[in-house]
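Below are structures written as structure tokens.
Across the two complexes that follow, subunit A remains constant while its partner is subunit B and subsequently subunit C.
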Partner chain A sequence: MISRRLEEWITERYDTEALRRVLRAKKVPSHPLEASYFTGGLTLFLFIFQFITGMALSLYYVPHSEYAYKSISDIMTKLNMGWFFRSLHHWGAQLAIASLFIHFFTNMLLKSYRKPRELVWVTGFIMIAVLYFFGLSGYFLIWDQRAFTAIRVATGGAGSLPFIGGAIKVFLRGGIDVTQETLTRFYAFHVSILPMISLLIVGLHVLLVQVHGMSVPLSLKDREGKPQPFFPNVFYKDLIIWLSATGILVTLAVIVPVELGVKADPMAPAPENIKPEWYFLFLFQTLKFFPGQIGLFNGETIAITIISLAILFAIFIPFLDRRSSAGKPSPAYTYIGVFYLLYFVVMTIIGFFY
Partner chain B sequence: MKLDHSLLTRRTFLNTLFGGWLIAVLSGSVYAFLKFIFPTVGKEPDFVVLNKADFFDIPANTVKIFPWGGKPGFFLKKDDGTQIALKGVCTHMECNISYVPGVKKFYCACHKGWFDDNGRNIEGPPPKPLEMFDIVVAGQKLVIAKKGVQVDLPKA
Partner chain C sequence: MRIFCIISSIIFLTAASCYAGPAGGGPDLSPYDRHIMYQALVLFWIGVIGLITIIIIKLREVKRIQEMGLHKDESDAPSLD
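Here is the complex of A and B:
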């Protein structure tokens, strides 16, 4: 009764029929690789999950170098379910980044970026950068010894970029050194600036996907089946995946709860066997392979310049891959995609075990 | 005097005027914004003043750490009694180093870099030797200064 009256109240004021028509008309292509369509939805879901657990944690976290570490240990030991929410936020971040990489490499290899979806690719790429920065800034908020060392290395690494490196380093650190100023900045990035940017970019990304519809891989054009309606067929499948992801997330959070190291001391030596989070390992490993000095140049600067160029190249792939934009097979870019994927996977594994 | 033909149309005039305003306002705002978000950068100290007794009396082949700005400084007393002071930060990626008395070397755990007890980079990725400091003794005070910095202590 009440729901009927509410519905009437809304339909008298808004044209809900138009909305329903749009939802009914939304179709998703069906073909042997349609599973790739769910990677984006999964990433979005995990991202929303991070927003929620993050908001909960922000009710208790104190962004000050004297109290940050203690506030986290309080969250974990004194608050109801605090350990669980911190663990969820930690594992949610890991899964969100893993899911984003699956989404990224899938679409790179299926060439979903080709005309007219160049901007979908670019907005997605910006989100990778945003997520990395989310990860880095969130990691630092813990203010334990590993985080402190990692942030000094990471911001120092950014400082190795030619020309603009020095300015970026000072901007990130809020001074010449990693201090309270850095914590204030990273807190601002993590809880205010990056979430705002994400809303904008993700919104645009999802909107563009609605405008273009889902991309069908070139090689599967003639193996396409009847398109499926998004509501309810595809949406229910999305729900199944989201529910499974929640299950995995909760299981990980409970069985492998995240740890807290010793409080950061700017005077203490770097901990032995320090390694960055897994999604930084391929960068870390690349840096390790470069000697400190190559001829007249600083090896780090060269390594970071090469990495930056490789990333820049990846952003511009949709504009460079003319063949697939013209609807022709483009094996060169398949090899490039496979190279990027292999490089990422192999270097991450070497970094993990070596 | 009235011109038959104006050099500008009314539209061009207005567009230039408003466009000019927009550029002036935006560039001023962006400049102020950038000035604000980039921090005022401090600098590392030129020298620090310490208590001589705290450092000269340490056992041989040990290191005592003193704060050098936000970073650690190392005061090393070698086996032969000579003393050196240096910045305890690796020249590779700015990790804090540690002194390993067993082999008389400095070690950086981040990327396994080694320096000898004179701060020279001898193994691993560090591209440069550690930054060495001057040691000046002034009465009961120990002054550790950046190389080449003139230290003028006020007479106490």
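Here is the complex of A and C:
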């Protein structure tokens, strides 16, 4: 009864029927690889999940080098179900990044970036960068020795970029070394700046997807079936995937709860065999393959320059792949996509085990 | 959408009610508490599978109605007003 009155109150004031018409008119192509469409929705869901669990944790976290570690420890040991929420946030981040990579490589190989969806690709790519920074900044907030060393290495690595590296390093650290200033900055990035940027970018990304509609792979144009309505058909399937993802997240949080290392000591040496989070492993492993000095140049600088160029190339793929934009097969870019995927997977595995 | 709103509300309200009191669980639990935790996990999965089953049944019903063409509004249908 109350919901009916509320509905009447809203419909009297706003043209909700127009919105309903738009939603009813939204169609999704039907073809053998339509499962790829759900990767974007899953990433968005996990992103919202991170916002919710992050808000819960932020009620108790103290962004100060003296108290940050203790506040996390208190969340895990003194707060009712605090360990569970921290675990949910941790595993949510892992799954969100994994889901984003699946979404990225699927669209790269299916050439969903081709004209007129270039900006969809670019905004998606910006989101990968934002999510990486989310991961890095969130990781540091724990203020344990492993996170402290990882941030020292990561910000130091950014400092190896030619010309602008030094400025980036100082900007990220808020000074010469990793200190309280760095924690304040990373906290600001993690809870206010990055969420604002991601809301804008995700909003634009989703809006562009609505404007252009879903891309159908060129090779499947002939096998396309009758389009299915988004509401309720595709939305119900999305719900099934989101529920399953929630189940997996809760199970991981309960069975493999995230642990807390020892409190960071800026004067202590770096722990032995330290490794970054899995999504940084391919970068970490690439840096390890390069010698300290190559001719007159610093090996790390060369490695980071090559990685940066490879990332820049990937951003501009929609503008470079003219054949697929013209509706023709472009096997060269399929091989490039397969190379990127294999490089990421193989280097991550090598980095994980060695 | 309604299910999503309910799940989000439950997660947020549970988080908001997590006042700073004695710890109710954690990795270092007694065997009994661990048993209760896994039991809760099993019940949670039963709930998830139940919801998924309901959605699948609803989706099949929607598809059947769409195949029969009953979901479309008839333009010449008489008004009941």
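The rule is simple: the second predicted complex is superposed on the first by the 354 of 354 C-alpha atoms of A that agree within 3 Å, B and C clash if a C-alpha of one lies under 4 Å from a C-alpha of the other, contacts with A are read in each partner's own complex, and residues count from 1 in each chain.
What we mean here is this: contacts are C-beta pairs under 8 Å (C-beta built on N, C-alpha and C of every residue); 3 or more make two chains touch, one makes a residue touch a chain.
Everything quoted here is computed from the prediction, not taken from an experiment.
S.K.: Please indicate which partner A:Thr149 is in contact with in the superposed arrangement: first for subunit B, second for subunit C, both, or neither.
M.R.: Once the two structures are laid over each other on A, A:Thr149 reaches subunit B alone.
S.K.: First (subunit B), second (subunit C), both or neither: which does A:Pro232 touch?
M.R.: The answer is second: A:Pro232 touches subunit C but not subunit B.
S.K.: Scan A:Pro331 for contacts with subunit B and subunit C and give back first, second, both or neither.
M.R.: neither
S.K.: Quick check for you: in the superposed arrangement, does A:Val170 touch first (subunit B), second (subunit C), both or neither?
M.R.: First partner only, subunit B.
S.K.: Answer with first, second, both or neither: which of subunit B and subunit C does A:Gly295 touch in the superposed model?
M.R.: It touches nothing on subunit B or subunit C.
S.K.: May I ask you to decide whether A:Pro266 touches subunit B, subunit C, both, or neither, giving the answer as first, second, both or neither?
M.R.: first
S.K.: Pick one for A:Lys78: touches subunit B only (first), subunit C only (second), both, or neither.
M.R.: Second partner only, subunit C.
S.K.: Can you list the residues on subunit A that touch subunit C in the complex?
M.R.: Result: residues 48-49, 52-53, 55-56, 59-60, 74, 76-85, 229, 232-233, 235-237, 239-240, 242-244, 246-247, 250-251, 254-255, 257, 259 of subunit A touch subunit C.
S.K.: Quick check on the complex: what are the subunit B residues that touch subunit A?
M.R.: Of all residues in subunit B, those touching subunit A are 37-39, 41-44, 65, 67, 69-72, 88, 90, 92-98, 108-111, 121, 124-128.
S.K.: Which stretch or stretches of subunit A touch subunit B in the complex?
M.R.: Within the complex, subunit A touches subunit B at residues 149, 152-153, 156-157, 167, 170-171, 173-179, 181, 266-274, 287-288, 290-293, 298-300.
S.K.: Under the definition above, what is the set of subunit C residues touching subunit A in their complex?
M.R.: Touching subunit A from subunit C are residues 1, 3-4, 7-8, 11-12, 14-16, 18-27, 37-38, 41, 44-45, 48, 51-52, 55-56, 58-59, 62-63, 66.
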